[in-house]
Each structure stands twice: as structure tokens, then as C-alpha cells.
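Several structures are given next for inspection.
Shared between the two complexes below is subunit A, which pairs with subunit B and subunit C, respectively.
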Partner chain A sequence: MNQNGKLLLELKNLTTVFPTKRGLVKAVNSVNLRVAPGEILGIVGESGCGKTTILLSVLRLIARPGSIDAGEIIFQGQDLRHLPPQAMRGIRGKAISMIFQDPLSTLNPIFPVGEQIREAMRLHGLVKGRGRRTLEKRRVLEVMAEAGIPAPVSNYRAYPHQLSGGMQQRALIAIGLVCEPALILADEPTTALDVTIQAQIMDLMRRINRDHDAGIILVTHNLGLAAEFCHNIAVMYAGHIVERGPVDLVVENPRHPYTQGLLACLPRLTSREKIDPISGSVPDLADLPSGCTFAPRCPLVRDECRHTDVRLRAVAPGHYARCIQYESGERYTLKKEA
Partner chain B sequence: MTQSLSSQSHIPLVEARNIKKYFHIRASLLAKALARQKDQVVKAVDDVSLKIWPGETVGLVGESGCGKTTLGRVMTRLYEPTEGQLFFRNQPVVGDRVAVPVTPQDKAIRQASQMLFDESAAVGPTPGSPEEGEKRDFSFFRLTQMIFQNPYSSLNPRKTVRDIIGVALRQRGIKDTQEREVETLRLIRRVGLSERNIDAYPHQFSGGQRQRIGIARSLAVQPQFIVADEPVSALDVSIQAQVINLLQELQDEYRLTYLFIAHDLSVVYHLSDRVAVMYLGHIVEQAETEALFDNPLHPYTQALLAAIPVVDKAARRERIILEGTVPSPIDPPSGCPFHPRCPVKIGAICETERPALFDAGSQRVACWLYRDAGFAAEKGMPMASAQKRPGD
Partner chain C sequence: MNTSSSLELASWRHPWQIRLRLWRRNLAEFFGELLQHPIALLGGVIVLLFILGAIFATHITRYDPYIGSLRDRLQPPMWREGGSPEHILGTDAQGRDLATRIVYGARVSLAVGILTVVISVAVGGATGSLAGYYRGKLDTGLSRFADLLMAFPFLIFAIAMMAFIGPGFGNLIFALTFKGWVEFFRLVRGETMSEKTKEYVEAAHALGRGNSAIIVSEILPNILQSVLVLATLRMGFFIVTEASLSFLGLGIQPPTPAWGSMVAEGRDVMLSAWWVSTFPGLAIVFLVLSLNLLGEGLRDILDPRLKVE
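On to the complex of A and B.
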């Protein structure tokens, strides 16, 4: 991990909203995040908590009537939020690329995968002048080999349906890699795959991170995957980041009751004791409870939780939690200990 | 939790003997004439035998396309097996019917569960109160039930909860509307839904609640054996835990026997007494849960266990990255189905002959490494790579 303090991506107070008939849905609610070059950040949470919306907001791919309501998206020093559309197109797929969850619905069924990988290069005009096509094709074969697609020359002409799920995901990764992006956004890249194939793909992603020093944001609901793969993780609940910090601290010493509950209800390979689930279910984003959004399900809930606005507070160096128990005095005592 | 029960009874509740299930893909005449295509056979389940003892939970794991769902459907008789025979308490299941001798245990179970038992439901030659030892003809569908993976597509969107559960209750023979209502409410409450939900439609529920409706529906006919096909894979972690706990409570309460199909090994570890691992239509390893997870013998099981990402550092195993993907069951490899991906292939025999399930200690494993059962017993695991990292 690059530790020179320069940031690749910084989200400041990012808020993305979707107006619906039932009211305004704040899918992403004042989110602050930082990614350093070469860092792997994991965003974990249950479905509907806003993980994917963060990624789409970074690329400004929020479909109307949804919009980015507030905040800054600072990527390599410039605020993407106010970039003209044309400049934004120059960034998508080049400096920042995205790997989607379902490869079969992301790849175009009527073009060979090799051509789809080349398209990403062609659109950004990476190679110019005479012999462009040959040079581009050479680079595509190189990337296909790097992504672990066997026999790149013959698979260049393969259509998506002719490849297995794992190979389709590799083709998608090759599209993401071909322009050598500084930041890769991976949205549940292995959820549609079997575990042994998942292991292959995560191995590939780790190698890409190491060899190209590319930053990766991995969105997943699989805490185990995030724990093994990421440097830092952010836990989301109902549009908020409720806890964030270095992966070992968050997983081994979770400070937010939601993170604690989430870890407690994972079936473990170390114990077959009865699991202790979090009661209730995720709140309706259009009708959020006031105060802490986790209060209705929280085992440690106090009266003031329901009307006090809580913020992310440091509980240890680099480790933050959004819970009333760290709002006032306690965090100072913790800081002193540290 | 169920050890005492299984040791008491000497006959398996459900037994699959040499089950094969093939699906035929027919090429059209035109394709045959022009492209010289041939009819193809998908060997989804190929010669599988499995015994399930009363009261236990058997976990069935494997990757997509390995035939685990097909086996589950054969064992609930949703599919007719191509070959092989299904037995319920040692009685052959013929068509969808089975004649089961009445044991004192049955009566005890029914009384204990306090469920309404309607004699008229037993369709067959012996209506009225059956004597002990007498055989009674049952519909197999009343003895077994299935809980499906996707709670969004397994409930009819145009029926209310009352209708959905009512159909099953009518099957059980409860003809009186009032009685059905009482029983429906009892079931709804038992699976953790509120009584006022009785007239709601499936779309008004969350995924976890829908899965609860599916569970209530399967309980409605008072089955003894339930095949749960990935019942929690579509659910979020916190909801998944709630449903797992519910399944466990119901098992204790009604002495249910489960075949639990899943690809998530941590869930299987949590719930199962025994585990069977499938690969390409075959069971490759079968063992008590603890034994299988502590000491996986088959190279595929080892790789599968090593591939699960886990939160606890102590439980992490050294990754074994398998090459390639699962071959197609249309044209499975010769010999051992796993040999093209196997990291420890021992020689030509792997490519030519399919290994049977060998006994290796308490485990049964289909791998030529264990042909000599003594080998495994003496040397322990032949592969160091799958052992937990030293020092962890």
C-alpha cells in the first residue's frame, strides 16, 4: 500500500438521492471515504444499503430522476462532480473502470469478447496513427493473457455465451484493465460465481492490485471475502457508513453494534453454537427512523439514540464508528489509551 | 442434537439406491441432417446412493451444475429417476406412493407434535385406525416436502398466504374451512409471521418473510422428510441467520429430517450432522460434518474448503487454486470426473477408471488415493497443503 499520504479518491459528504412516490430516498447519506493509490477498500453491507450507489455516484452514472445531491468526489485532485460530461467520459473506463456483478448481462451478446475489450481502448484513443488496429489487438491479447483467459488468440473471437461464467468475468476484468486504470470499482465481482472460481478471480484481482498499484474498491455482501482481500473496510447500513477502519481492527474488534451483530450472525467454521441473529429487518429508506437508523434493531439502544444525530467518531487510530456511545467523553478516554 | 435418535433406529428414513437421472437434449431433425448434431444426454446424477437416517440433517454441497438440486428433486420424487430406486423406511417408493408399516413411534410423534391428524387423509385400503405393524399406503408427497431456493418465484403472486397454505392443508385432508383457518394461523405464528398477514400477497413480504411462508407451506402436510434447496442463499446475512435458527427449532420440535442443499459451506457446517460432497453427478466424499471439515480427504473437498473466504484468521486454510472450471455433464471426462482439475492425480488409473466410494476410517471417499483404506489410516492426510497453516 502506498503510504505517501496522497489520495487517489476522496468522497466528502457524498449524498445521492432518488425521489420516489413515497418520498425522497437517501441511498447514500453524507458518506466520507478515502482511497490511497494501491489500496483495496471494501464496502460491505446488506442489500439496499447503498454500496453500489456509491460506485455509480463516483462514475456519475446515477440515472434520473436520481441525482447526487451534495458532496464532493475528488479523484486525483479534481472534483468529478462538476466535470463537464465530455471530460467525464474520458475518465470512465480509462482512469476509473468498473467491473460489474453479472458478466453475462454486462457483455454485449452480439460482439466477440476480444472486440469488446478493444472497444474500451479504441474509445479512449489510446493508440493512434497507422497500424492502430494491429497494435490494439496485440495489447488486447496481452491483457487477455494477463486476465488468465487461456488461448487468447482463439478466444478473441469467442462470443460471450461460448465462455463459462468465470471466463466471462475474466473478460470483463480484461475490459477494465486494458486502459490501465488508477482505480478499479468492483461491484460484487464474484457473487455469481462458484467458490473455486471465486478463489481464482480474487487471486487475479490481488495480482492486478500488486502489479499495477491500482486502487480497488470492492463492494460485497460477503464479510469473509472482504476480510481476506481488503486493506480497509467500510460497513454500510441504510445509506450511512457506520464503521470504517483497517480490516483487522474492524473484523476482530468491531465497535458498532451493527458490525458486531453482522459478525455474530455469520455461520462460522470454528463453532457450531446457535447463532444470534440481529432482530428485525433493514428499514425503509424512504421512511428512515429519526436519530440513529440502526436504533430500532439495536440491542444497546438508549432513549437518546432515537433523536440524537450521530456522526463517525474515532474509536482507535484510523478506526471510526458511528454510534452514540462514542459521541462524547468515551472517545477521548480511548484516544488517551492509544 | 440428533445422534441419539439416529443410533436408535436401524432403518434409514429415506434411501436412494444407485440413483441415476439423465436428461435428454434432442437435436431437431434439421440439425441432425444439416449440422450432423446428435441427441445428447446430460448425466445430472450418475449412480448415487445416499442413506438419510431419521432425525438427522444431511448437508449436500457442491458447485453449480454438480447435480445437487437434481438429486434433491429425485429424493422428493419431483423427478422420476432414470434408474435406481428410492426407499422410504425400507419400503420402495413406487410412482409417488409408498406403503409404510405403522410403528408406535409414529403415533408418539404425532401426539408429541400436537398436530391435527386426519385419518381420512390416508388414501388406501385401510381407512380407520391402523393397527401396529399394518402397512398403510401414503402419497410420498405427504411424507416429504421441499423448501425452494428462490422465495420470489416459488410462491404464486396471485394467491394470499391463506390460499397458499390452504392448498397444502386440503391435501392433508382438512376439509373444514374453520379448521383450516385455525391451522393456518398456527403455522403462520410458528414460523414467526404475524396473524394479520394471513390475507397478504407474496409481494407484500420481504425475502426472509417469503421464505418463512414457504417453510409454513411445507410444514402444512406434516412431512417427515424435508429437502431444503438453498433455502437461505437468496437472503441477507442477518435474515439468513434468523431462518437457519427457525429451521433448527422446527427440526427439534417436529423431529424433522432434512436434506440441506447448499453451496455455502459455513451454513452447511453449522446445520448438518453429515455432509455429502457432489462433483459432476457423483458423490465424491461423505462423512460426519466434523470429520469432513477437520480432515477433508478428497482433493476436491480440500480445494472447496480452502476456497471459502472466512472472517476468522484461525479458520483460514491455505488456498488451493483449482485450474479450469467444472466440465460439462454432457460429455464428462473418463475415469474420475475430477481428474482434469486434480492437483494430486496419481496416474493413468485416474483417467481410465472411476473410483467407487472407498471406506477411509469413518469417511467414505471416491478417490484412488484411498483404494487402500489402510493408507489413509496410517499416514493421515496425504496432502500437507490442505492442512491449516502451522502457527495459526
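On to the complex of A and C.
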């Protein structure tokens, strides 16, 4: 993890906005995150809290009229936010790859999967010169085998709809893997799959992380999955990061009421306790409540929550929470973490 | 691992060879399905016969389509009294063999149909995919222009246009494509807009693909099939329109054998020699009908929504 202090990705004050008829929506609101080489960072939260928007911001794929409003995206020392489009295209898929949620709709329906994997490699001209095609195909078969696709040679020419959901996701991972990226952005890679396949896919991701020392950002709404798989966890709520820290601290000793609520929502096989859901729903991002955005749903809400600005503050070394209880504590700064 | 041996690394080929191979395989699949669709098959076979007839016209008949013999004027078809096997479908007022002129007329009809469709697809496809992908002012401008053209009835528009620029083969193609591309523009624009929202397009962006590459190699292959269906159907329509213009004297000019003008020539002798107008008219009906059958059949075969995986 973060031993040599070299960072793979650092987001500073990242703010991504979408203008809507009802006002400016800050889907990602002053988010600070860092990923070290070989680190797996989990971003957890409910639908619409801005998890996926962070990933798309990193690749600068925010669709208009949305835009990255402020902040820096430092990847391997260069600020992606101000990279010319041509150079940005060279980063996408090569140095940073993305694995999407729904594999069937992410694969182009009319090309065989092997061709699509090879296309990803061809696009960045990784192999050059004579015998390129042979080498490219050999590499594709290698990656397919690595991604756990059985009989890669015959599955090379299979069309996406001829594969099972798990195989489709493996093909998608193979596409993400073929250029050996330094960072993999995984957007709920297992949501569309059934549980046994989920475990296999996560196992595969972990192996990729270990074998290639690739950093992974895993976006999921499944806190259990993140707890199992990640080194660090960031919990998001309404565009803000409300808690982050090493997985053990966040899961064993959650400090933010929202994280506590999320953990209480996890069903447990061993007990028949009733699940205690967080009441209410995510606030309207175009019309955020003043003060703490979680206040309307918070079981521990106090009067001052509704008008005090809260910030991420250290609650333990490396463990931060954004709640008024810790407001007197040490303020989180970018320098502190480094 | 029997299947794998056929795909060993040694058989690795150039991308376009792969595309070709895939295409060939799809083609085999396609013909398999065509064989099981009797209506499309019937349409396809008749269209094919017309095409072969047009190509090998000089070998099919020994008569000259332009020069008749006045001695043989207005001979009835062979099965009528006074007809002879020399002229299967009879002769026209100038003593030209009607069957010969119909076979040569297929050249005009098919040339007009194919050229008009190809140009319309090229123009409509290019503008439609740009407008559907980039939207914005370009799309607004093109769409309003398309709406404007759509507001005119096709035949009236073509008549006005031909009256303005004068008859002739090139002018005819120009007049037909001037309005004909709009249908393809609208189809491709709409399909591009819907394909563009699909995740595989976003994934292609995430892989570092540029916009033009995404249009050409991701989106267009996905909408090719609907374009093919529309092209077949529109071809029949263009052929009818050409015949109508030629009938009115605005299209292909006599003595060039075109079905429309042949029908017009037969009007004067309609009561005494009905066959002069009737057979070219039937040729139009058969070609257009079979093109439409083929188009409808293609729609059934190619539409993936109708397919059960």
C-alpha cells in the first residue's frame, strides 16, 4: 500500500456539477481522495450519491452539460483535468481502464468478444511491427485465460449474447486488463451477477490487484462486499465523503451515523434480528438542506446540525468522519494525510 | 478441443479479413434464414432474375431494342390469334419486339433504382449519423431542411424539379436523390441517437476511442441492418417514381427503352393493341412488388427483436 508515499491518483477538492432546470446539482462535492499503487479503495453509498460520477470525472467522461467545476485530478503526477483531449484519450483504456456495471450492454453486440478485447489493445498501439496480429491475438488469449474465460480459443469468436453473465463480465475485465493499466475503475462490477459468480469475479479482481500491482477503485452500494475486498473505504452521501479510513476501522468502528446505519442495514445470516433501515431517502441534490446534508435522516440529529457547516475531521489516525460530534477534533487537511 | 484447432494462431489474419470472414459466416447464416422465408425468397429470386436479365440482355434476345421492322407493327403476343413465336409478347407501333424492350428497360429501371438508393444512403447516412451523434446546430439545420423536403409530395416535387432542370438520366438521379436521402437521414439520425445512449458507446470512450471512430466502427455497424431494409423498400419506390416521370415525358426520353415511357407510347393504341402498354406496366408491378416482398422479408429476418436467442 502506501509505503513509499508515492501516489497513483489524488483527487483534490473535486467538484462535478450538472446544471438542471431546478438548479445546479453538485453530484460530487469537494471530494478529496487518494489511491496508492496496489491499493484497493472502495467507494460506498446509495444510488445517486455521486460514486459513479467520481469515476467518470477521473476519466473526464462527464457528459454535457455536466462538467468538472473545480479541483485537481492528479494521476501519476500529471493533472488530468487540464490534459489536452488527445492525450486524455491515450490515458483512457491504457493507463486507467474502467469496468462497467452491466456487461451485456457494455459489449458491442455485433462483434465477437475476442475482437473487442484485441481492439482495446490495438487502439493504443501496444504491439508494433511485423507479426503484430499474431502477437496481439496471443496476448488476447492470454488475457482471456487470466480473466478465467475457459477455452479462450473458441470463445474468442463468441458474440456477447452467447456468453453467460459471468463470462461477459470476465470478457469486460479482460478488456480492462489487456493494456495492463495502473489503475482500474470498477463501477459495481458484480451488481448484475448472482452471488456465486460475484465471489469469483471479486476473487479475480483481487488477483489482478496482487499480480499486477494495479490500483483499483471499487464503487459499490454493497458495504459487505467492500468490507471484504478493500484496503480503504470511503463512504459517500449526497456528493460528500462522510467517512473514510482503513477498512477495519470503518467497518469495526464506524464513526459517522450514516455508516453506522448502512452497517445496520446489512442482513446477517446468523441472527433473525429485524433489519433496521435508515429512514427517509437521499435529499434532492438540487436543493440540499443547509448544514449537514444527512441531518434530516440522522437518528442523532441535534439543532446545530441544521445550520453548521461540517467537515471531514480525524477521529483516529487515518480515519476521518464528517459529523458535528467530531467538529471540535482536528481538522482534516491534505497535508496531514501525506 | 476440436473447435480450437481450426482457429490456431497460424490462421491469424488481417482485420479486414476477419471482418470479411465474419461477414461471410453471417452471410451463410443469412441465406439459411432466407431459404426458410418463402416470401422473401420469392421476392429475392424475381429481383435476381430481373438483374440477370438486365445484365445479359444482349444474350437473351436477338432483336435491337431501337430499330423495329415496320412490316411487323403491332403484332399481338404469341398466344393470341395472329401472333407468332418470333415475338413472344408482340411488337409495338414501330414494329420493335416488346419483350426485348422490356428486358432492356430493366437496365434503366434497375440503374435508376440502385444509383438513387446508393447515393441516398451515402448522403443520408453521413448527414444522419453526424446529426444524430453531435446534435446541436448542425442537427437543427439538417433536420429543418429535411422537414422542409418532407413537406412536398415526392412525385410533385420530382415533376417540378425535372421540369426545371430538364429530362435526362443524370438529372433524373439528381431529382430523385435530392429528396430521397431524407428518409435515410431520418432513420440513421434516430438510430444513432438511440445507439449513442447505449453503454457500449460510453465504454468505447473509456477505452480512449475518438468520436469519429465511435460513429464509424461502433455505431454504424449496429444500424446497418435497418438501413439495408429501408434501402430495399425505397428502391421499389424510386423505380415507380422513375416510371411515372418517364410516363409523363420528364424522365428517360424515347427511344431509350424505359418502362414508364413504353406505357405512355402504348396509350394511343390501347384499344386495338392493349399489350403495348400492359406488359411494361406488368414489369413495373412485378419488380416493385418483389422488391417490397424482399424488403419486408429482410425486415423479418434481420430484426433482432423478432429473433429468439
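The definition used in the following text is that the second predicted complex is superposed on the first by the 326 of 338 C-alpha atoms of A that agree within 3 Å, B and C clash if a C-alpha of one lies under 4 Å from a C-alpha of the other, contacts with A are read in each partner's own complex, and residues count from 1 in each chain.
To be clear about the criterion, a residue touches a chain if its C-beta (ideal position, glycine included) is under 8 Å from a C-beta of that chain, and two chains touch if they have at least 3 such contacts.
Keep in mind that this is a model prediction, so the values were computed, not measured.
Of the partners subunit B and subunit C, which touch A:275 in the superposed model: first, second, both, neither?
It touches subunit B, and subunit C stays clear.
Answer with first, second, both or neither: which of subunit B and subunit C does A:227 touch in the superposed model?
First partner only.
Taking the superposition as given, does A:123 touch the first partner, subunit B, the second, subunit C, both, or neither?
second
Is A:197 in contact with subunit B, with subunit C, with both, or with neither (first, second, both, neither)?
A:197: touches subunit B, not subunit C.
Just checking: does A:267 make contact with subunit B only, subunit C only, both, or neither of them? Give me first, second, both or neither.
First partner only.
On subunit A, which stretch or stretches are contacted by subunit B in one complex as well as by subunit C in the other?
Shared contact residues on subunit A (touching subunit B in one complex, subunit C in the other): none at all.
Would you mind writing out the residues of subunit C in touch with subunit A in their complex?
Contact set of subunit C toward subunit A: 1, 3-4, 7-9, 12-15, 18, 22, 198-200, 202-210, 218, 221-222, 304, 309.
Can you list the subunit A residues touching subunit C in their complex?
59, 61, 89-94, 97-98, 100, 102, 105-112, 115, 119-120, 123-124, 133-134, 137-138, 151, 153-154, 156-157, 161, 172, 175
Would you mind writing out the residues of subunit A in touch with subunit B in their complex?
The touching residues are 46-47, 164-167, 194-200, 202-203, 221-225, 227-229, 251, 261-263, 265-270, 272, 274-279, 281-282.
Residues of subunit B touching subunit A in their complex?
That would be residues 63-64, 206, 208, 236-242, 244-245, 248, 263-267, 269-271, 289, 293, 303-304, 306-312, 314-316, 319, 321-322, 325-326 of subunit B.
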